[in-house]
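Got a structure for you, written out below as structure tokens; questions coming shortly.
Lettered A, B, C and D in written order, each chain numbered from 1.
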């Protein structure tokens, strides 16, 4: 294995707190993400991991705290703006477009890069057609990368779970994101599928230098592939550091082994 | 139930507007006659007919709550039940017996709908079920008129249609409307009690939240469907009697469903109180607008005013006044 | 038909004696015709002959720049990819020798072959193969450079040792501009009797041997077979079988270069079926198991069809069985009614079926490599698919016998191919001679000598005979053929295959050498018989239970009787009818050393292990108690005990006896 | 069964992304078009062309419009009639204000005006979803019809309320509207427009905008997260849908009936069009046509059926029985194939492609 070139901090979260009504979901969470690293967020169910991702890509707006992205403090942003900033994600419960094929789902991931006018698309001539073909090629490269050639034209609703997860990853990749947020990409998979998915995650990081923020339950996988891990528990931040540091952190051990406090 | 603060604000604001706009219109425009007793007369008349709207909307809510089906056939059920009642009555059955037989017919109808339509379309998308209820509506309209004929029939249940003076003779109100409102009110109370205090009622409420939970109450889903459709049928019959005796039993009864729709979106598809308050707001608003605004823009606005009113409400609360908030989860 | 197309510049078959020369000729003669396609990134990317020639030139020059010398070897490892095929031609241009390896071999196996063939360079497909090469360098430091075709995941590999093929080609283009005549001179130096490729035989025993083939041999084999079947440059072929296998080398490389037809590389192993359907090849080759799997798929999928459709299918398949193969062979004796029915069937069933299998445009399909069941063979032919068998081995360029169009016998492998001579030795072994014979086993003169007799015949190791029409019939491996005590020939494999062609029978072991009659062990096919049992409502708890059922014995008896009826028709083998059989209480298993890893029965071992059962077969008892030690998957050992029944099959009086009476 | 696809491989993305990648399908469509353009006008009676084919085509166009909105973009609408009326009145005003304007321009502009109105009524869709939106669209239906009835400006202050479309020519002096236009000319004119618009619609739905619509339909929040902006995407759907409905309305008033009356576009029309796309198939171009054919032909069949059986039933009773059978058939169809005739067609096609296999 060669060394990855991990760069400067591109995403910095400071003292993030988020509540829904009286329910406090995130409590004073702070961590940063460096360029080209694989950053994992782990923690038991209800620890606020998914909420954390939702905060990062603007679905939830934290009541307190500050997010800076590429050195700039981020203002409140609309949901669709995150994609424009180069943040793509996958979802814990697959959020594919069920009525469309694998190909079309991934094509949709490139929507921001498509610039042809509606009129051009209507006559399907000139720019629109050229664009379709150009992007199709890009999408085919992703299909090739994720080894899903055989299901290219299958409606995603008919695919098995593991494949759907892969297609969703493809859709996120299609945006050529700078940061890829993966919400439990390996949940509900068997060992073989998990291995495949880990390989893809590593390859993506390796090939494209994409920064990856990953939520995962499977501790083994997380410790294997992450550069740094942050541990959440009921909205609190238990630990943050390299897998080794986290593995030896007493709070983490207690929380995971269920030792009463 | 707990009223959210913004709902209260919206209702208060709309009440204020209901008073303010006619008053302003009266002062600004010479076409419009505005006096306080007259204003109240119109408003109360509106509220009373609003109760009638609520009655139809109630049928929608019951079914939507328990099965998620947007029952477009509610209007057809009103027409069908009224036609059946009058038809039986004309055949020589005494009124009380006709009512009982009609109730039985509505029960049979509910069972048939569950057997034929709902069971076959279980787990389908909402829009499919919605379309199916339009199919039911067509079928019932056709069926009812095939059997009972399509000429206008009178339904006389012995209430006076004469207007009477109330509040020291200041305000002229239709007696019939008042009685209808009372009956509708009673029905609403009965239904509320039914939902609150009977086992089936509780099951129905559970079903609205979670089908699994409903099963644990111990009543099969299909029974629940039959029950709500039957109850909706009873509500339709009451509405049919009221509207039928007011307008005569004829095809246009089916169209009152269109009147109930804005009530529904205003109150929220899943809320019984929403149907009541929505009906009142729409009824009063519509009447007030017709009298105090319509003359300025050419009149005949009753077709769409209720919708626009509801639409305006929706922009503030997309789920209706009392509807459950839709939370996006990812 | 004249095979070689217009050849300008005074080129003849004689001057086009190496593959690089053929390639250059195609670039001249049909430069704009598509030579190769590959499904990549969702569409069929294609290369014309002149493009292929350019690419090969760049690759060859790149290799030259890398230090590749005449006589050097290049290992080629990976799925069927155009660039890997270019590797063959590029090496041959330089007078080097390509050595294709099976891509699923583990590193150790590869290390052996690389060492044996003294390979200096490797052209591999992807990261997986590159990793194997890197692993191998530790035990085989002579490996100098690895060229990879798919750069995924390889960006950061040591650039000195591993080179991306496009980088190499770029170097090659530069090299070519500096030395514009170098390559042409190298190509011109090539001679027909240069070694063109070394193919490793997997070898049932011992280490694999490198079979050295000359350009001449492969070109002759390819020309002969292409002429035999009238292949031309409009044909199209799907290249999906391992490149290290002689069949693929003949069909996808040699024949393509000889005739100029198009080869098509599928997108991935999983998409072969879809890709086949898209391409609709006119020429197709598959080992019997592929055809068998296809048939199973057809049957399984048809089982889920609606009753009407199934009935229609069954009806028309009956029609096809009755007359399809005959119509395909141009037999005139088919009744008009049957012809009409076949037409109908062609519209409703056969045509659509060929379409979904991607065989609509198929002119010629071949199978070889193992015995193919007559029913299976007939099935495809009756659908109107011109499926034929050929016979050959790595040492003969997979080219000895071919079945001619219109004269296909189900149980023979056809007539000797053009320029091939066949002789049957006294022990029944098939001996062949012709231009297609291999040069030698690489660095193994003794082995080479052993397989050649004094007259220059190659000893195939197969036993067979020529029937009255001159068709060759292969019955067994020569070393397995024995004699019954009556002196009649006994070919156990032949008998076992006859039995195994029944779907209910998974394995069979026939005994008879030095015995008075043939008896057999049978393994039932758990899936097939299990299905049968379920349909009849017969409960069973597992293999042993099911195998002991009298109903199952009846079922198998029917199969054995049928096999005997077939055997009796063959005068040479009629005495090999199975007289008695038993159904084994356990499945034969490689883990118990009863089968080889390639699932061939180890007859000797089995007869020793179950000698009690064999003796029982040759006695007159009808039931025997036995216990067998087995190894479970988790390594535990256990004992299976069972009471086995022995049944007598119907046998028929053989022809010679009939004559005598 | 009829498919022989083996050997039809695609060597370019252009070929792979063609509307009909399979050769047999292309033949089929060309055959249909040949029949529609050549055979039907020559063999059909004026009755058939005028009372069946014309309304079929125009309603199919409206259904296409609604299907873009509801089937592709997932926004349930009951306002189709209102948009058709807008198109019809816009065309009337344009034709009377600029008498020399060519009918194609009239149609184009009336479509564009309707698109504007569509955008206006589409704005609430940003907040309102599902049935709430459906009911809200009824507001536009009722409001628009009321508006056209109420204000004399729209009818040029015609006293009778019934206004006639002026005669207009399509090419040269071939009239396609008014009393002197031949039915064949009207038919061919309408057919050409509908074919063209269907092609354009197909192009849109297979392009980026189409994928964005479907993404919003299938899962709006996920669509938003991958960068699709809700407002423009939904409004484009409303605009294009209304554009088509507007042209359909203009064609209905000008080419089909020859008179512009709001009654032709009441709420029942909206429901009729909705039926077409449900029966035909949501999210399918073909579905709009199949559904329109079904909904247009069914009542004709139903009102004639008793006659064929020699039954003599009073007219009003027939209309009731018709409604009844219609309702029952709708339910039957939904039960048999909730995804409409297009899905049925799709399944049949798949079966034929895989024949004799079931899957």
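Note that a residue touches a chain if its C-beta (ideal position, glycine included) is under 8 Å from a C-beta of that chain, and two chains touch if they have at least 3 such contacts.
Just so you know, these numbers come straight off a predicted model, no measurement behind them.
K.L.:
In contact with chain A and with chain C at once: which chains are those? Just list them.
P.N.:
D
K.L.:
Count how many hops through touching chains it takes, at the least, to reach chain C starting from chain B.
P.N.:
Step count on the best path from chain B to chain C: 2.
K.L.:
What chain lies farthest away from chain B once each centre is taken as the mean of the Cα atoms?
P.N.:
If we average the C-alpha coordinates per chain, C ends up farthest from chain B.
K.L.:
Between chain B and chain D, what distance separates the C-alpha centroids? Give it in angstrom.
P.N.:
Each chain reduced to its C-alpha mean, chain B and chain D end up 33 Å apart.
K.L.:
What's the distance between the Cα centroids of chain C and chain D, rounded to whole Å?
P.N.:
Using C-alpha averages as centres, the distance is 58 Å.
K.L.:
Go ahead and note the Å separation of the Cα centroids belonging to chain A and chain B.
P.N.:
One centre to the other, that is 48 Å.
K.L.:
What is the distance in Å between the mean C-alpha positions of chain A and chain D?
P.N.:
Distance between chain centres: 41 Å.
K.L.:
Provide the list of chain C residues touching at least two other chains, using ranges where the numbers run on.
P.N.:
Within chain C, the residues that touch at least two other chains are 42-43.
K.L.:
Residues of chain D that contact two or more other chains, please.
P.N.:
In chain D, the residues touching two or more other chains are 13, 16, 221-222, 225.
K.L.:
Multi-chain contacts in chain B: which residues touch at least two other chains?
P.N.:
Residue numbers touching two or more other chains: 328, 330.
K.L.:
Please give the residue numbers of chain C that touch chain D in the complex, ascending.
P.N.:
37, 42-46, 277-280, 298, 301-302, 304-306, 309, 312-313, 347-349, 351-361
K.L.:
Can you list the chain D residues touching chain A in their complex?
P.N.:
Residues 13-14, 16-17, 200, 203-204, 206-212, 214-215, 217-219, 221-230, 236, 240, 283 of chain D touch chain A in their complex.
K.L.:
Residues of chain B touching chain D in their complex?
P.N.:
Chain B reaches chain D through residues 70, 116-117, 120-121, 124-128, 130-132, 134-143, 145-146, 150, 258, 261-262, 264-265, 269, 297-301, 303-304, 307-308, 310-311, 314-315, 318-320, 326, 328, 330.
K.L.:
Going by the contact rule at the top, pick out the chain D residues touching chain C in the complex.
P.N.:
Per the touch definition, chain D meets chain C at residues 1, 3-13, 15-16, 353-359.
K.L.:
Please output the residues of chain C touching chain A within their complex, sorted ascending.
P.N.:
Listed in rising order, the residues of chain C that touch chain A are 40-43, 152-153, 155-156, 267-268, 270-271, 274.
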